[in-house]
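Handing you a structure now.
Lettered A, B, C and D in written order, each chain numbered from 1.
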Amino acid sequence: MPKAIEIENFTYKYPDGTSALSDITLSIEAGARLVLIGPNGAGKSTLLLAMAGFVKGTGKVLVDGLEINRGNLKKIRSRLGCCLENPDDQLFMPTLFDDVAFGPLNMGLEAEQVKARVAEALQTVGLAELGDKAPHHLSAGQKRAAAIATIISMSPKIITLDEPDGSLDPRNRDNLVKLLKDLPQTLIIATCNMNFAAALADRAVLLDKGRIIAGGDAKEIMSDSKLMAEHGLEVPHKTE
Amino acid sequence: MPKAIEIENFTYKYPDGTSALSDITLSIEAGARLVLIGPNGAGKSTLLLAMAGFVKGTGKVLVDGLEINRGNLKKIRSRLGCCLENPDDQLFMPTLFDDVAFGPLNMGLEAEQVKARVAEALQTVGLAELGDKAPHHLSAGQKRAAAIATIISMSPKIITLDEPDGSLDPRNRDNLVKLLKDLPQTLIIATCNMNFAAALADRAVLLDKGRIIAGGDAKEIMSDSKLMAEHGLEVPHKTE
Amino acid sequence: MHMANELLSVPVAAGSAAIAAAGLGFICRKVRQIITAEKLALMGILGAFVFAAQMVNFQLPAMPGTSGHMVGAVLLAIILGPHMGAIVISSVVIIQCLIFQDGGLLALGCNIINIALVPSYLGYFLYRTVTAGPFNSLRAYVGAVLACVIAMQGSAALVPVQAALSGVLAVPFTTFLITMLGVHLLVGLVEGLITVAVLGYLQQVRPDIVVNSLPGKVRLSKKAVLATLVIFTIVIGAGISLLASDKPDGLEWSYAERPDQPDFEGIISNDSPTIAAADKLQARYSLLPDYSLRSSVIGDTAENHVEASAGWTSFAGVVGSAATMVLIWLIARVLRKKERLQA
Amino acid sequence: MHHAHIDKFAYQDSPVHRLDSRVKFIVVLVFTALVISLPRTSVSILACYAVGPFAILVLAGIPLRFVFKHILLVSPFVLILALSCPLYDKTPVSVAFGPFLWNTSVGWMRCFTILGKFTVTMLALIALISTTRFNDLLTGLQRLGLPRLLVIQLGFLYRYIFVLIDRAHRILRARAGRRLRRLKFRAELQIAASMLGSLFIRSIDAAEHINIAMQARGFDGNWRTLSKLQIRRCDLFFLLAAVVFMLGIYFFVKPILL
């Protein structure tokens, strides 16, 4: 089985000269639930964008064994679903149904299949009843779930999420953790909330200033209080 | 000394019929550091807006002894500085300096005084060097600090902050806690992050579904695990 | 500036709709080749921006209590080019009609022409003409202000023309025209100033957005503002004095120009004093009857007699309709109650 | 994100809500044209026309309070238009209305007609909007020949108007919280321009994000949606009823009432 993601010596500078990622080398097993942790501005979001082929730097990025280049971008995007930080950016169609159907339709599926996929995705995130709603009628937690549904409906092998816990209250956050834990896909999640990360992940990668500082078992990395403090993070609190 | 805030039987419905606050009665001592906690949609933001006279419901709201009404709205706003949830909304001038100077200029101060105030406010939040930057070039944590500076420069007696901890990493959050703890003003802070709340507050008010559920000593309320769980919150983790 | 259903006859409305549809169809086809997929979201969002921009108001100098806000057609045309600007503003007009019921369904064609097509192209053309050649700040100023003023005048002039073509004008055509032009002179001027100011801001913080439309640095210099203001004050002064002396009722039209957007949380909360003021004006000027102008415009005096003689049938019609409505309402209520009981 | 009250009833369910959006749109369009083309002195015929949209609204379960509040909200322009009529036409006319007799002027008659037409056409438009999901309306309009580009535009617009209006409001609040007195015109202008500019920049940023979200889901420039529109028997029945209603009033009631 190929690795879900393989990145070799990837470097990226934003057009204005900010060096966002330097010499990243990383490989992620298929089926892993991995968190990208790091302080604000570490480059987490940029790295997620790089995995989906939205920023093109120097170096190699392989998704599910395929190297990202112009020709297979479409194929890659049907294997890797990328969910942005702000659900308002992710939900751009007039109704939730259309939003969730957007991906499958673009994959060229038949109307019937699309409908089945939408129903299933909405079911998974617990919004089965709300297909006809307009996104601006949803609550914060529902929007977050809906954004994930828009990705699930494409049934990618890999899902990346950028700070999915933002502005959720503890109960909604727990629901999200449950939802994510039940997903069979490879998950790659950027967050700077260590408790959320600890509740969810088995692997972790610590980024700071565009470089990978550490990578490996989530518990191990996140319990290293010296490492965490050095990079502006904290040790997650024990939960039973 | 008058109370910082006194609210009596305040009720507010949004124009679309959502009942956001019902029969709120609350009084806040001058000098307190109070957190408004509650799940998503509890009405925290709305209550902060009500304190600054942005939403007008039935009932009485007194700020620093003055009842809010049309005539003294400006006076009240010079005593109560209200910092919105998203710093991007708060920072709209071309440079950080202009933004921080906006309030003092509007208060009718002299150019010299304004400059002094801006310098002081930027100093307080640790952005002394960045006056000439455009706000959207700042990082998340810097934006947050800048938004607070725009309020501090008006030197109000009371400062309200809506989820100031949003999307900050632990280090930035700790810095914010330090910064806020050093402010002499009465602070009223809405948040659904209990750890942040616990680190900061001496008083707490728990809101849910537009009603006040509990109010009093912060430690006491937030350590009541049954109460917290009931309202979708969590008990903050011990920190030494 | 929204045209209302009531100011139009069906043929004129249909004709305008046909023109608007043809124009839009043409632009869409033309633009399809140059629009990349990335532009789709951008255009949609900018349409929403125009909406939101209308919420942003600020105090006008001469008239305390009034506030200006901007419409944005010329700004978008300058930044995006006229085709995209026209499409964006057209969709704004359509949404305003459908969701906010601003201007009627029948007037949609006219509104697209007046508010979207004409200002976009006229404004863009003027701005480009004035700023062609070596760049300087004053030119950008004059260009933007001129573009806004003239574009606004153009579209303002269309309203009375369309109404006159429809033959439904109760107000004398020249009065209506002069009023519309006069009012929109001021509106256009303010919009022009704010357009340059926004361009200046964008240049300061996101120069990449405006490289094409602002090749050099524009400054909000006092001199430029003053010069522009002086020029236009003279023009406006002349316009207003003309208005005030000759056609007092013109002012009503200025009140009509208040934003008739739905009132979000009372941002625009001065509707009632406006109407009160209009009433007062009317009370004052209704003492000065002036028959001669109108009889040529109106031709339905014959119908008056019919109306008078048909008194009882009319009565029956109104009462019957009212009774029907009450009946429908009652039945629906009963039915709904039953439904609820069953549920 | 809560301005949903503008079209909140569109998401209910009723026989009217289930009708095909194309049929509804065309009926409302024709109805509006018919009402507007009525002569300018008859108020009574308008009352008969009002029955149609009224029945639809009631059948669809739209609260009438909401409807009338909304009509009032959008009326200022037309109100002034109507009220200026009596100023210009003082030709006296006496109107017999059943047992009543009024001496008034043509201007006033016109004023009432304009208001009547406005109310009736608004009733129809509101009936359309509050019983049709905007998305269905858009799909319908596309089937009726609205260019694809405009349809996409309108979809985005509908989605983001509320987001951006909320944003504008928050910026306005931030200004109001710190603006304690009026400034000189130039300062006001500059502040307003800054607010608009920052709104603009953030709109562009949002557009960039949305673009990424679209590409991430395989968007390649071809806009695909699933259309659920379909003309059924009840739509035809509604069409028939509407035609009968309109023609009936036009040919049988109108000659009597005029």
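Heads up, the rule we're going with is that a contact is a pair of C-beta atoms (placed from the backbone, for glycine too) under 8 Å apart; a residue touches a chain by one contact, two chains touch by 3 or more.
A quick note: this is a predicted structure, and the numbers were derived from the prediction, not measured.
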Contact-richer chain pair (by C-beta pairs counted) among C-D and A-D: C-D
Inter-centroid spacing, subunit D versus subunit C (mean Cα positions, whole Å): 16
Separation of mean Cα positions, subunit C and subunit B [Å, integer]: 40
Whole-Å gap separating subunit A and subunit C, where each centre is the average of the chain's CA atoms: 45
Shared-contact residues (touching 2 or more other chains) in subunit A: 92
Junction residues of subunit D - those touching two or more other chains: 2-4, 134, 155-156, 158-160, 163, 167, 171, 191, 194-195, 197-199, 201, 206, 210, 214-215, 219-220
Residue numbers of subunit C (touch at least two other chains): 41, 44, 201, 205, 265
Chains that touch, pairwise: A-B, A-D, B-C, B-D, C-D
Touching residues (chain side subunit B, partner subunit C) in the complex: 15, 55, 94, 134, 136
Touching residues on subunit D, where the partner in the complex is subunit A: 1-4, 11, 133-135, 138, 155-156, 158-160, 162-163, 206, 209-210, 212-220, 222, 224-226
Residue numbers on subunit C that touch subunit D, as the complex places them: 2, 4-10, 13-14, 24-25, 28-29, 31-32, 35-38, 40-49, 51-53, 55-61, 70, 87-88, 90-92, 94-95, 98-102, 104-106, 168, 170-172, 193-194, 197-198, 200-202, 205-206, 209, 220, 222, 225, 249, 252-253, 255-256, 258, 260, 262-265, 267, 271, 274-275, 278-279, 282, 285-286, 289-291, 293-295, 298, 300-301, 303-304, 306-322, 324-325, 328-329, 332, 336
In the complex, subunit D residues that touch subunit B: 2-5, 8, 167, 170-171, 173-181, 183, 187, 191, 194-195, 197-199, 201-202
Of all residues in subunit D, those that touch subunit C in their complex: 3, 6-7, 28-29, 32-33, 36-37, 39-45, 47-48, 50-51, 54-55, 58-59, 61, 64, 70, 73-74, 76-91, 93-99, 101, 106-107, 109-110, 114, 117-118, 121-122, 125-126, 129, 134, 137, 147-150, 152-161, 163-165, 167-169, 171-172, 182, 185-186, 188-201, 203-204, 206-207, 210-211, 214-215, 219-221, 223, 253, 256-258
